[in-house]
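Below you will find the structure I want to go over with you.
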Amino acid sequence: MPGLTPKYGTKYMLIRKNSLQSLADTMSEPEIRGRSLWADARKRFIHNKAAVAGLAVLILVSVFASFGGWLAQYPNDEIDFMVIGQVAELGGPSFANGHYFGTDDLGRDLFARVVQGTQISLMVGIVGAAIAVVAGTLYGAIAGYVGGQVDNVMMRIVDMLMAIPYMFVIILLLVMFGRSISMLFVGIGLLSWLDMSRIVRGQTLSLKNKEFIEAAQATGVSSINIILRHILPNLLGVVAVYATLLVPLMILTESFISFLGLGVQEPNTSWGALISEGAGTMQYGTLWQLAFPLFFFVITLFSFFFIGDGLRDALDPKDR
Amino acid sequence: MNSKLLLPIALGASLMFSISVEAKMMNGEKLAKEQVFTYRLLDDIKSFDPQINTAVQGAELMRDLFEGLMNEDIKGKLIPGAATGFTLSDDKLTYTFTLRDAKWSNGEAVTAKDFVYAWRRLVDPKTASEYAWYMELMGVKNASKVVKGEVTPDQLGVRAVDDKTFEVTIDNALPYFASMTVHGSTFPVLQSVVEKHGTDWTKPGNMVGNGAYVLTDYRPGEKVVRERNPLYWDNENTIVDKTVALIINDDNQALTRYLAGEVDKTEIPAGQYPRLLKQYPKQAYSYPRSCSYIYWFNIGEKGPKSLKDVRVRKALSYAINREIITDRILQGGQYQSFNFAHQKTAGFQLPKIDYAGWTQKERDAKAVALLAEAGYGPDNPLSLTLNYNTSETHKKIAIGVSQFWKKTLGVKLTLANNEWKIHTTKQQNGDYEVSRYAWCGDYNEASTYLDLLTSYSGHNVSGYSSKEYDRLMVESKTMKNPNANYAKAEALLAEAMPFAPIYQYTGVIMLKTNLRGWPVDNLMQNWYSRALYLVEE
Amino acid sequence: MLNFIIKRLFFAVPTILVLIVFSFLLMHMAPGGPFTSERALPPEILANLEAKYGLDQPLHRQILIYLKNVVLHFDFGPSFSYKDRTVNEILSQGFPITLTYGSIAFVFAVLSGVSLGVLAAIYHNSLLDYLAVGITIGAQVLPNFVMAPILVLIFTLFLGWLPGGGWEYDDPKYIIMPVVALATSFMASIARITRSSMLEVMNANHIRTTRAKGLPTRYIILHHALKPALLPVLSYLGPTFVSMITGSVVIDMFFSTGGMGLHFVNAALNRDYSVMMGITILVGVLTILFSLVVDILYAWIDPKIRY
């Protein structure tokens, strides 16, 4: 779809199918499954400096999002009538007047707005990724486990959906049902479950013939239970990595939607909305309006990337 | 509206341009060698067809490429265009325009038949023009019936008496009828060209016009170029050789490119006028422009119960701090508004509206009292939803208003930002509580605004209906000086408050210092490239 | 192989059909129509417009008529908002522009991305590697609606080297900024994939063996490592290429290129049904086509893959 997803490709980069596949293979080998795998993984993860730093930053950002509101001197929707109209002169970051990050173009406290925007962006990223992961995993596991014609039809459907320009669907959804956070979740979540379903299906196919599954089938455990109890836990590693790398993609998508003016409703805001407002006024001497939200946006995305890479390397210790 | 319409054209032309071509001087200034004017266009042109175009920026092009019966001068005064003048019958229902000797850009003579063809084309159901209503608004005989398909287009009340005489019959006397012919949808088109090329007739190369310029290049999404038409009747007084419109969607981007010298004229983004005025005192301009910004209150069937109480509506309107909006948010010299019609509209006398004269403190106090009287207060706060369409400026004003209402009145206001089509659909279906709206005048006369609030208007989405108001407006159509009635009508609106007036527009632009002739005094902002010129710096 | 291609092409037909019907229905479900405007149109004028554009027909008939025109006459209909122009005209004007800057940006992104990735992999865990990782992630997360205005501020306003917008096919000055703004994030993605896949390959057994044999690193990389390492990059390039050549709303908006990217969003917001459909179909077809091309290339490079 015409450039509607400037970061369209990100998905393919993040979810490198080959390495995920290899990770999935490793995870389903019985001899390294179980407790030792996770313990080893943790050890490897802790030794990955970039990943640990990413985790630390992410925790700090989360703390900022959760408790930053307590430090804010103003609510996020209140216009400071002393500042409005002279934002370039009076609205800069200042401890004296309590606007730690300065104010936005209307004289609203940017600190409070960044705190609140961080909440929304993180939420969109995490909930969107969760929707994609849950939908993709269930769909893929069912297709793979049931197999045969059902699998065939289900996978054809995925192939078809892959040809649809997704941003188009998101825009139409937001247009049709009005913009709301829940619509954003659904739309963004819908964007990314297809790849997941393919990986999970392939994985399920190979797991299906493993002895422990056959044993479960022989003892009369229902299909649903087999999928939930035996197949899914074995996919946990793949899912974890996928989810971590999906979150930044969601956040990027949200920022683009906000740029189009289809983001969350005022007085709520998001990183995307703040950045796009800040970028519009950057040459008018109010650079802080771009700098603060962009800073949080960038460090968070960096963190997710590092954590995702770290997780994958930790769970799939092929020499990398 | 102006009785001195019949200026002989020779005089008009010589008054406007005292130019000596050899010396390349104009009003004592040396003309620049290169006469190319470049301006910023916000959006791509939707249509180059005078009868199809609906956009203001499209109309700017129409005025260069075609010429209607009448034109406007730099002050917005009506002057002869393709017609040298007109006579009006005693019953005030028949206008007879005399056409000047002029040529189309392909060399054919401009005749009354071309006008007849274009005017019929506008209302013909086959053309399916979105502006067909304009001819109904002009009250041309049978216009509505033609649009509805009840009679054929040749029944429209227009006639070519001979090649140089164009006659129009209207249903009711309309004092400002002649000024309505300045509008692009009444411009002539050449039948042979339209029929030969079909919808492709507006492509550069195909298009034949009678304006001072011809369309030479159009690159969608990028630029539109028009160049001097040597066959134009007043070609020798036309100075700008070429006008280039660069399409730049983003306001800030446009300003950057202006500052980089790529365009000679651009709009100033909201809030940046004071800074630019300080930095470039000779380039930043603000002047009145005929548009008015309001918030509709829905008092119709689907509206909330609270808004049916006039005290609530008044309280809401009073509590809006318009000074903050104009001086701190927009900052482009906009006018605080307490009425509907733009206060600079020709002949319009602003009535005395009580709350316009109060201080904001007084208004706030009165608002609190009124709302309490209506039964709303801290225990029973008023909850409303405000609709606005996606735009940085609308958003800022909505946020401002939500703060005023929250702080002063404790109103819980939900902001609903919708994209344009949804916003408009909801508004027109009466599916809103409070909704942003702006109306721009079609012609320089207050009825272009005030007709909207009549109970029979298709644009009255508030549900306001007053017999007295309707009577005033109907009566105004035949009055010698209708402005007295307009003032009374405005007073009625201030009492009933079917909307909260917010502000009245100004054009806020950057203009290169060597550009002359921009009609800053024309409320309608009808500018013509041929009236502009560039001087040597 | 031929069988596989035929099967895929055969399968593309119902996919496109579903795409058309699905988009058509979604589009028409959205509130407001192409003729909703500030001034509510009198019903008789609206009726005339709907008759002219065939919107007075029941929806299923509209779809059938549309399909018939597209399939039989390759006619995507008139635009609803650009009333002098047809969708065919709009696409044939806008697509070559996005194709031009998109292809250049693509080549640029692939060359620089792959080089950066390979370098980072070779000098794994060195300063160069960290720098490359930092730059690529940075380039990836910087939204291009921030980058585009910054480019214009620097190169147009402050330095005065490049025009701030516009388009000329034969003047590189107009093409540089769109290409850079479009290519950056893709370049970063490609670099990241290349790096990690290169690392993987370099550690694989057969490369270790060649290394042990003492062959020069440059030789090993060029003759043994690069090809397998680029396979994952290849699967990324298919969709990337399509998304680059169909343009970007940000690029077309900030640089006034006149490309196709802007049309999509505008058509959605203006309810320009026919333009919207035309672009959707074009992009859908290109997506299917290039994923097929990638699969064929894959099989060609890696003979182990059988279809």
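Note that the chains take the letters A, B and C in the order they are written out, and that residue 1 is the start of every chain.
The rule is simple: contacts are C-beta pairs under 8 Å (C-beta built on N, C-alpha and C of every residue); 3 or more make two chains touch, one makes a residue touch a chain.
Just so it is clear, the structure is predicted and the values come from calculations on it, not from any experiment.
Using mean Cα coordinates as chain centres, the one most removed from chain C is B. Across A-C and A-B, the chain pair carrying more C-beta contacts is A-C.
Computed from the mean C-alpha positions, the centre of chain B lies at a distance of 40 Å from the centre of chain C.
If each chain is reduced to the centroid of its CA atoms, chain A and chain C end up 22 Å from each other. Computed from the mean C-alpha positions, the centre of chain A lies at a distance of 47 Å from the centre of chain B. Of all residues in chain C, those touching 2 or more other chains are 30-31, 149, 153, 157, 252, 263, 269, listed in ascending order. Looking at chain A, residues 175, 280, 283 sit in touch with two or more other chains. In chain B, the residues touching two or more other chains are 250, 252, 256, 419, 421-422. On the chain C side of its complex with chain B, the touching residues are 30-33, 35-42, 44-45, 48-49, 51-53, 78, 81-86, 90, 93-94, 149, 152-153, 156-157, 160, 163-167, 252-254, 256-259, 262-263, 269-271.
In the complex of the two chains, the chain B residues touching chain A come out as 250-252, 256, 269, 271-272, 275, 324, 327-329, 331, 390-392, 395-396, 398-400, 402-403, 414-419, 421-422.
By the touch criterion stated above, chain B contacts chain C in their complex at residues 44, 46-49, 52, 54, 125-126, 128-130, 132-133, 136, 144, 147-149, 199-200, 202-203, 219-223, 246-250, 252-253, 256-257, 259-260, 262, 419-422, 424-426, 428, 458-459, 461. Partner chain C is touched in their complex by these residues of chain A: 1-10, 12-13, 16-19, 156, 159-160, 162-165, 168-169, 171-172, 175-176, 248, 252, 255-256, 259-260, 272, 275-276, 279-280, 282-283, 290, 294, 297-298, 301-302, 305, 309, 318-320. Touching chain B in their complex are the following residues of chain A: 77-79, 81, 84-85, 87-88, 105-106, 108, 175, 178-179, 261-262, 265-267, 277, 280-281, 283-285.
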